[in-house]
Amino acid sequence: MGFKNRDVISINDFSKQDILEVLDTAAEVEKNNQKYREALKGYILATLFFEPSTRTRFSFQAAMLRLGGQFIALSNPKSTSSMAKGETLYDTIKMVDGYCDIIAVRHPEVGSAKVAADATAKPVINCGDGAHEHPTQTFTDLYTIKKTFGKIDGLKVGFLGDLKYGRTVHSLASALSYFNPKFYFISPKTLSMPEEHLKELRAKNVEYEEDEDLLKVSKQLDVLYVTRIQKERFMNPEDYAKVKGIYKLKADFLNHAKKDLKILHPLPRVDEIDPELDKYAQSIYFQQAHNGLFVREALLGMLLGKIYKK
Amino acid sequence: MGFKNRDVISINDFSKQDILEVLDTAAEVEKNNQKYREALKGYILATLFFEPSTRTRFSFQAAMLRLGGQFIALSNPKSTSSMAKGETLYDTIKMVDGYCDIIAVRHPEVGSAKVAADATAKPVINCGDGAHEHPTQTFTDLYTIKKTFGKIDGLKVGFLGDLKYGRTVHSLASALSYFNPKFYFISPKTLSMPEEHLKELRAKNVEYEEDEDLLKVSKQLDVLYVTRIQKERFMNPEDYAKVKGIYKLKADFLNHAKKDLKILHPLPRVDEIDPELDKYAQSIYFQQAHNGLFVREALLGMLLGKIYKK
Amino acid sequence: MGFKNRDVISINDFSKQDILEVLDTAAEVEKNNQKYREALKGYILATLFFEPSTRTRFSFQAAMLRLGGQFIALSNPKSTSSMAKGETLYDTIKMVDGYCDIIAVRHPEVGSAKVAADATAKPVINCGDGAHEHPTQTFTDLYTIKKTFGKIDGLKVGFLGDLKYGRTVHSLASALSYFNPKFYFISPKTLSMPEEHLKELRAKNVEYEEDEDLLKVSKQLDVLYVTRIQKERFMNPEDYAKVKGIYKLKADFLNHAKKDLKILHPLPRVDEIDPELDKYAQSIYFQQAHNGLFVREALLGMLLGKIYKK
């Protein structure tokens, strides 16, 4: 299946082959960036962010600029846009369709990215639809793993923190399932991996363990994927207060881990990783954030039919 | 009168000849867009929106980018700009004047666009000054009519909804007066066309009818221009509640209309046109929104002296 | 000391030689602007404004565009960014570092620009860190003086208004100290120049007077630098009310001044300069604002190693 004009709604819409094609193209763009400086000249990206974001928005906008394209942006819809006048997302997309070539949308409602994609023939990229999906984050996570380890296959990957609401965890676990992993799900019981996702893993014969104690499994891990416990996903502030900060990685944690463990985090972090850890080679979360640029350059170029894997 | 360095404050500042020149230039830009991809290279547009907007802002920004220009933008002045420190619009424009080549401004105060134009020698485009004027919307409406019917002359045009506060209605009726129209003003009595505008039409010998019942006149119409009843123009929420949603077009309305009726709407809509109507050829409001791009490209190019009618 | 990759945190980090190099480069960029239209092609500036601003943000963004570069922007961090999720400035900068080539930051906390600079190897420009520093304003002020008088040396400079909290006053007085000035500090006692700054001036053998009455010294002045009494710097609204508007320049003030006095103001103004003064040759505050463009073009080009003084 070609990438031109395709939507990027869910990581589950992509085959193993598709995923590898995106990662290879990202590697090509990173390596030969001068070659692509005019690749999207004359193209306009619309970034429509109906929820706070900096990382994803900036990486998409910078990706577009790095390829010679341009962008128009909606960042604070409540006070600055027609949404304030009661316009539906569908109508907003139908309108924006006339002013751009490709659309990147973040919206708090589950399923909103699909609604957006249905409103336009132009490619739509889901940048997060509520607690649901955030596929370009998953491509970024996979790219970071491949770039760091030289492979994705056969890794032992721990997921730490909020595994219940963490959309990045669900999507990454699902995508990694193609690559013969072993998973360690480490969380308080109230934030454990939802049964539907575990069931999916069992159906795919993916090996996994669940645990509350990080140190019990830490020596096994090649990758530790840390997540923020996201205040904005809790209905009840008291529930948030109970689990907030239950896992806080400090430098001494490295004594309990393999020497070549790599720590990932989709960011932003609050206090789940002590900044003193930043300086260690194990901490690659800022590199991971930067890798998002190449993945998004690859996707923009592929969906617009201007960049192909060699 | 040449267009270079001219301000666009009110549609009434434009002769019939002027209007046709803008529409012809828009048609040229739409048809031969590749030819104009670098027309405004090196030019900067400042979009200053002191009220919510997406359509107008996006279409101006995209127009500038499509012509190879760039923009700087103010979107949420209350919290992010010097207006928060008490700066006047006049001072803001005097300052912005140094950083751009042309200014597009939306501001809630009637007359504000004129204030802006007086503060700078650079061209100023009024993107809405309160309930007053929004001339580029009118150019867009006229362009859509001309593109669809191949002519503007002699059409029967119905205006539906809020004819009292609807600035787009007043401006479009005024501009259409050049083209031998017949008007049908369909509204609740409390939102009927203001007497000053009717008087102007009589002075110009424009034929019109006023009615509360759409179905009584619908068979006559070539164009039905639907408007949203704008909550933000009412002082009193109860007055809004009374008239909100009094006309809601559904698909069965088409049975009561000419087969080649065209429905326009300046958008955003709330619920005055059922989305089930979107798929019919009669519904051209999204095309109308997209046409705004070409009209704005034409105006930017003309005011900057870089695009001329052939 | 070369300028490439340097941070611009405080005006005090710059020698007299450095300052003159920036001013000369700004003059070159202003004079031969066509020559630099592609100087920063392919470069991306990130403007991160955690406090309201239009002038500084616009002048940086326009400067980047005028040199062929591009920008990404954060304007309303409270509601639209990851700061809303509790991210530190340090982490935000570590992340943005991957998406741009140079960073311009305004943040309400004293010392924040230094924090930002420490988080990245890329050049960071302080656009205001609370009541502390705003060095590009000082470069703009100096450039305006040099351009107007043909020199900086030996001028008699009055500072009017809020000399206690006015960061632009402190920085300009400090930078002017290199140029054999005489200062007149005119303010209510509660807003007088802080002793630490006066002590610094005495150590440098800079001559100065302090006064509450503008008219007593106005005939001496070559330059009158007017400041707004900044509401946002007062903890207590009553303290603000007491001093607000204590000096309001009107046209008749010119009778009490040298014929070739020049009035500067960092803007925005509220009511400390009557708009009737705008039309007089003595009033150069809007030219001053516009000069900010050239100074920022020079700095961006110098820090990125693409524009050098001839």
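Should a chain be cited, it is by its letter among A, B and C, assigned in written order, with residues numbered from 1 in that chain.
The criterion applied here is as follows: contacts are C-beta pairs under 8 Å (C-beta built on N, C-alpha and C of every residue); 3 or more make two chains touch, one makes a residue touch a chain.
This is a predicted model, so every value here is computed, not measured.
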{"item": "Rotation angle (°) superposing Cα atoms of chain A on chain C, nearest 5", "value": "120"}
{"item": "Chain copies touching (chain B, chain C) - same or different residues, decided at half shared", "value": "different"}
{"item": "Mean-CA-position distance for chain C and chain B (Å)", "value": "40"}
{"item": "For chain A, residues contacting two or more additional chains", "value": "75-76, 79"}
{"item": "Residue ranges of chain A touching chain C (in the complex, touch as defined)", "value": "37, 49, 52-55, 58-59, 61-62, 65-66, 75-76, 78-79, 228, 230-232, 267-270, 275, 278, 286, 289-290, 292-293"}
{"item": "Residues of chain C that touch chain A when the two form their complex", "value": "42, 44, 46, 70, 72, 74-76, 79-87, 90-92, 94-100"}
